[in-house]
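The next part holds the structures, each set out as structure tokens.
Each of the next two complexes has chain A plus one more chain, namely chain B in the first and chain C in the second.
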Partner chain A sequence: MLTIKDLLVKFPMRFGAFTAIEDVDMTIKPGEIHGLVGESGAGKSTVGAAVIGLLQSPGYVANGTLTLGDTDLRNLSPAEAHKVRGDRISMIFQDPQTSLNPLMTIERQLIETIQTHSSLSESEAINRAVDLLEDIGIKNAAERIKAYPHQFSGGMRQRVVIALAISTDPELIIADEPTTALDVAVQSQVLDLIQRLAKERQIAFMLITHDIGVIAQVADRVTVMRKGRVMETGVTAQVLGKPQHHYTQQLMDSVPPLDRKIDRFRVPEADDTIASNGAMAENWLLEGSQHARTGLSLTGLSVEFAGPRTSIFRKLPPYVALDDVTLNIKPGSIMGLVGESGSGKSTLAKAITGLVTPSSGTMELGDVVLPYGKSRSRQHPSRQLIQMVFQDPYSSLNSRHRIGDILTEPLWFYGFVKDEQEREKLAASMLSLVGMQPDAISKYPHQFSGGQRQRIAVARALLARPRFLICDEPTSALDVSIQAEILNLLKDLQAKFGLTILFISHNLAVVRQMADDTAVLRSGKIEEVGETNALYTAPQADYTKSLLDLTPVMPTTWQT
Partner chain B sequence: MIAFVKKYEGLWLFVHSPAAIIAALVAVLTFLGAAFAPWIALVNPYDLASFSLFDGLLPPTWLDGANPKFILGTDDQGRDMISAILYGARLSLVIGLSALSIAAVLGVGLGLAAGYYGGRFDAIVMRIADVQLALPAILTALLIDGIARGILPASIQQDLRVAVLTLAIALSLWVNFARTARASTFVQMNKEYVQAAIMMGQRPIRVMFVHILPNILGPLLVIMTVDLASAILLEATLSFLGIGLPADSPSLGTLIRVGMQFLLSGEWWILWIPTLFLVALVVSINILGDFLRDIFNPRLR
Partner chain C sequence: MVYFILKRMIQSVFVMLTVAFLAFSLFRFVGDPITQMTGVETSVEDQERLREELGLNDPFVYQFTRFTGDMLKGDFGFSYRTRQPVAEMIASRIPATLELGVVALIISLLVGIPAGVYTALKPRGVLTQTILMTTLVGVSIPTFVIGIMLIFIFGVQLGWLPTFGRGGTVQIGGWESSLFSFDGWRALLLPAITLGVYQLTLTMRLVRAEMMEVMRSDYIRFAMARGVPTASLHYRHALANTMVPVITIIGLQFGGVIAFSIVTESVFQWPGMGLLFLESIRFVDIPVMGVYLVVIAFFFVLVNLVVDLLYVAIDPRLRIRDVS
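Now for the complex of A and B:
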């Protein structure tokens, strides 16, 4: 039904043109969910935008054929194209927060869409809107339809977006990362809904995502893209289970499995010449008492955020971010911490590092009791012993500072190395240790990719000679192949230096690969703690079970 | 080539914007002329011996009865208009730039601290800023002028006119800096590199000035150019109203005030030439400010 042949999209620039996608072929049949997968910059979204005719200016389709049924999508007048959009092709965006108008009720937004594309009267349109919402799985639709978007939860909002998309009975829906902003439980509901709609209404879906698990779960066919070109296409089980193309194989090797632990990801390693330069940094880190392993134990830790004051006399009750958390991280081990967004994972990290003040409980690093938040002095030893690797490598490095300055700051600040040139040398050596060229030292953060920046962030943390490292979603901003590299790196460093690590992630598969023990956090409470393998194979808490069940994975039968 | 353009994108945009080029030309020529006024000006308006009353009220050279020595004519005292403007711009720019520096240091410092500490300190600083904003610059200037007259001996008052004027202008401009710095600091505070610095236990002063300040310089630089125009205008306004500088040390505002007497008497150039010059200078600086904002704001590109 949708046929794409030899698609070529170009973006004219000041000098020459940038080719965003090239030679893309694809067909999608009615009722088929076609996965489009690839890493950032692969051109997935550009394909979707080209089909619906919403390429970002100044991009244009330079060559190829785009047909929907027997309509040539390339030769439409603007008015015709406008009719095709919505009437025959709809779109679902990533963030339901921004794809609905916050100032209009759900009802108005649905009616507006329905009436634009049909001649139904107001009351007929309302009836149709209510039917749609009920079909999508919103209970009490007749009442709920009067609500505004902010009165719905994230998952409900994405359902409303889907209702909007199907309100005109389209033949094709382009879903651009429809579940990326959602938690696993909600994600699985939305994916079920997409599957049901494809089957019942024979709607074709183009499902654009970077998440292989999602593709494995719902897509009938899949196209793997890289740098604007199709690498491999075919039936999902075939492509993901027995990848033919070299790139697909590499990609599949980088995906952390949920059902087993693999020692290392099979990704290209940094060559030995770089690693040998890291000997100086390695020896420096192993000097003295640095290899002494230090555990961290939390007892009854609670964090409350004061409620907003609604009047002089009334203050809303405080929001409990962490509720009586007791956690013992063994010296030299990796503790995984999983939980959905808002469960308090990052608050826990901030409480340990002193950025947030707990309301009760004790925190002990080795045998040193950590003072709360602001009462922790600037000279407190824990400020050096506890280091952190942050989630977003784009904001964790000061973009106005040279890499050399960023890396030598801890050396200077903690007074480890007095001589400036010595500091630079050690920093360069540390860069080698984390798999980067030492000449990076004179560059600025914007000259590096996300993965390289995360390596620099790891190097900065190590240069403080920490014994306890907190990794707060260190790979969630990275592509899966880069994620594999960083996870390998962290594993190596942990083994070499006996670091104790608190590894925070929402991705259960990643935690399984990294952690010795795992704790499951839900609305500020620990649901379950245990040895990782045991917890994943025989979860005790219902919540852990449902998390594990709902995480999209590849069926084991596919694996070679 | 593309890499080159990316690196020097600002320069590329500049070369392709005629408005920005003309504005820069006007501004640079004014700055140079003002800086080198004593060497290029025909007469020194401060030095009574360098001009003569006999040359008074000569029109610009393209009118009848002009003396080719004085291209833009002379005023009632026989001072060459070009020289008066050069010296006037010199004084206006000195006052404007020093007021701007004081305002920037005061505003950025307070704004950074308010954004960094938040809470009560932030509330206090911002309420003071609100109060300051409610007082017109003229009122502030009158207030400081009044206080200075009250507490300083009359002998040094005359010499302190420039300082009083500068202080008054600085006080009415710091609010812009404080607000911008505070808002940008708030944004930076949530960035992880700031949290990393705080976690390390670095001093607040170091976090503010070494880590945050370089990252908020962009918007501050824009404010600085736009506010330079405001400062020059404010000085002109105050001098025009007679709060500023006396007629024997003419700034642009004083020149315009003196010229007012000749508005209807046929010697229009005494008023109009300094006025047009002031307009051209201020518009140019504002265009440069807008241009800078476009460079720093990728969304407007």
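Now for the complex of A and C:
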């Protein structure tokens, strides 16, 4: 049993110490899955790192007690602490792509770990490793164990990671975002596995995640953290179903539900003084949208990527990223596009924007046929009419440019506003329109948080006076409360300016909140397309059904 | 895999052709070969006859093809200065340069890799800071100054080691080696250290940077969380991953060491290819310069090919295709 009391972790800085977590109390019993939720920067991972004794330098535990069974974890010498790691406490990391040593076979890594913590001989260790892998759900383990990590798919790799973590029969496993990098189908398998291990082997799990759905599905108890402090703790159904703390309530309000559509998320409203400055940008945009709303229709669109050459005469067959996709996006509507990673969602966006050359099919924006990829000239009107908001707001803004430069570029580039001062004024007004202080214009991207940056990205897209907006996973890098704000913003802007939006996401709940119609993409093919409500309530394709079933949600009985 | 090697080899052929072209241009267009070969007393008619005999009036493409063909047959022409076949001159110098380069490389690896690992694992240690400072001084001083300082200290003041030449060499087949006699080693030591110092610093800093990067990676943190013994963690998990990018640079650098041993060879009067090249420049011995260029390019290409193969040997991701 793990007991944490009054935990205080500090990071000494040049100007005084930074307190990462403070007054954290928690107990995890054997066989219990204890969820730890909170937004980025809440200190969730720091709790886990403190328990296993792997705090990033120069962080240290300044106060509190950490005990595992009878062992005082704070009172161990470095050598003893290293012995506890793996033996009694183990860890699972977020990204299975990077958490295995790429140069060693699975077998070597497993055997090394097993032999470190037991006196088993080489052959006994191999037998044990094979048994473990079989148990974890890797078929043909005796053979597969000889493989290198890159020969496994993402989900299988996470299984190997779990096998490594449990290979020494630890009492406690700290799982830091173990399913965040995985697709829903794989995520549900991994979560099942964690639940089974907790039950069968009586392993205590500390499940760190930002995904409330995951917590709701598997955690017995949950602790909600914010800014290094515990906000609320208790039985999962209690905390999530009837949140007591104001912050937990807010958090729950921000979570998009899968089973119904809510018009707006309840988030603390931005103050109106900012919004009122946006009138200029608003008028400018409306003046630009005099002409009709623009739809997009794709007919038989296919994209192929050449296969790698394996010898002079042999080339692997081309990889079909999109296969005969036909999709009609009605003018002024939001089309949601869902699918697992590798299903071709982003390729579709790239084909529409002309970054990828399709092998066949037609794309029509309004009544203009879009030329393919490179044959679309730089001056083609669609280059202005179609704009994009990218997933990662950290890499999609040039960090060496002022916000003002980033925002005025489209105005200058497309020749909308000739006067430089006029451009700046319009950009500042646009910032107000997307809910930011106009003085942001003279700052640089690194001075803003992820959510603010995404607002800037939206402002940049709008300043090109687009009629068609592609949002490629616009909120998946953001915290859930920020996500709610951005989704509200996009909804408002869409309603005001009659934009047509292609909204790409792997998160079905988010798409449900946003889209009028939804298309489900799988291995480059459209599985199903239809009106969003109908598609979610009565899915036709088996694939859609399984996606909906596998998405972790809160049981309906908890809802207030 | 076979395709990969084949592709590399075809690329190498093109590199060699380009260099051969450069060498040929040097021959043909830097000065007039005929005036280089003949004296003032040769008549204009004789000069013209010689020009015709040597095929210098033939079309350019034809001349280049003949030049490349002769090279492939091992006929590298004759030196203007000594009238000896260039092939023989270069061949007699290759062992000296190669031995010097290889020993310099080994010294730099034997010192550079452990020092890099140490400084990466103890980034705040006093010894680390000292090593980093010293090596910084090491790179800042030009090679010839280091050579001269070493000669001054160990050759002149202490009198421990010879200051020039190869010392006692042993003839093995056609290879004149200084690795099999005590005298040879004594003579080799100073030039090899001089040549290896820069490479050493670079190797060390590269290993340090890569190792620190690797130590922050998820798989090392995961290995730490599983309690993998520290020794294995550092030397089996981390070091192997560190070496993947380091090998490329070391390989490229080794090509450079062979090519640019000129300065060191000149300081220590080491009878290698570099010294030969310097002499050739002094006497505008263009055939030797051209062939030197081709031979050095060949070493570069060869080393790069070896590096590519090493890559494949170390990294299973290049060896084995994804199954799932």
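Keep this in mind: the second predicted complex is superposed on the first by the 554 of 560 C-alpha atoms of A that agree within 3 Å, B and C clash if a C-alpha of one lies under 4 Å from a C-alpha of the other, contacts with A are read in each partner's own complex, and residues count from 1 in each chain.
The rule is short, and it goes like this: contacts are C-beta pairs under 8 Å (C-beta built on N, C-alpha and C of every residue); 3 or more make two chains touch, one makes a residue touch a chain.
Everything numeric here is computed off the predicted structure, so don't read it as measured data.
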| item | value |
| --- | --- |
| Which of chain B and chain C A:Arg400 touches, first, second, both or neither | first |
| Chain B versus chain C as contact partner of A:His82, first or second or both or neither | second |
| Which of chain B and chain C A:Gln391 touches, first, second, both or neither | first |
| Touch count on chain A, higher of chain B and chain C | C |
| Chain B versus chain C as contact partner of A:Gly354, first or second or both or neither | first |
| First, second, both or neither for A:Ala464, with chain B first and chain C second | first |
| Partner chain in contact with A:Arg14 - chain B first, chain C second, else both or neither | first |
| Chain B versus chain C as contact partner of A:His380, first or second or both or neither | first |
| Touching partner for A:Trp412 - first (chain B), second (chain C), both, neither | neither |
| Residue numbers on chain C that touch chain A, as the complex places them | 2-3, 6, 217-219, 221-230, 232, 236-237, 240-241, 244, 314-317, 320, 322-324 |
| Of chain B, residues touching chain A in the complex | 1-2, 5, 12, 191-193, 195-196, 198-203, 211, 214-215 |
| Residue ranges of chain A in contact with chain B within the complex | 13-16, 353-355, 377-380, 383-384, 386, 388, 390-392, 395-401, 409-410, 413, 460, 464 |
| Chain C-facing residues of chain A, complex | 52, 54, 82-87, 89-91, 93-95, 98-105, 109, 112-113, 116-117, 147-148, 150-153, 156, 161, 164-165, 167-168, 174, 309-312 |
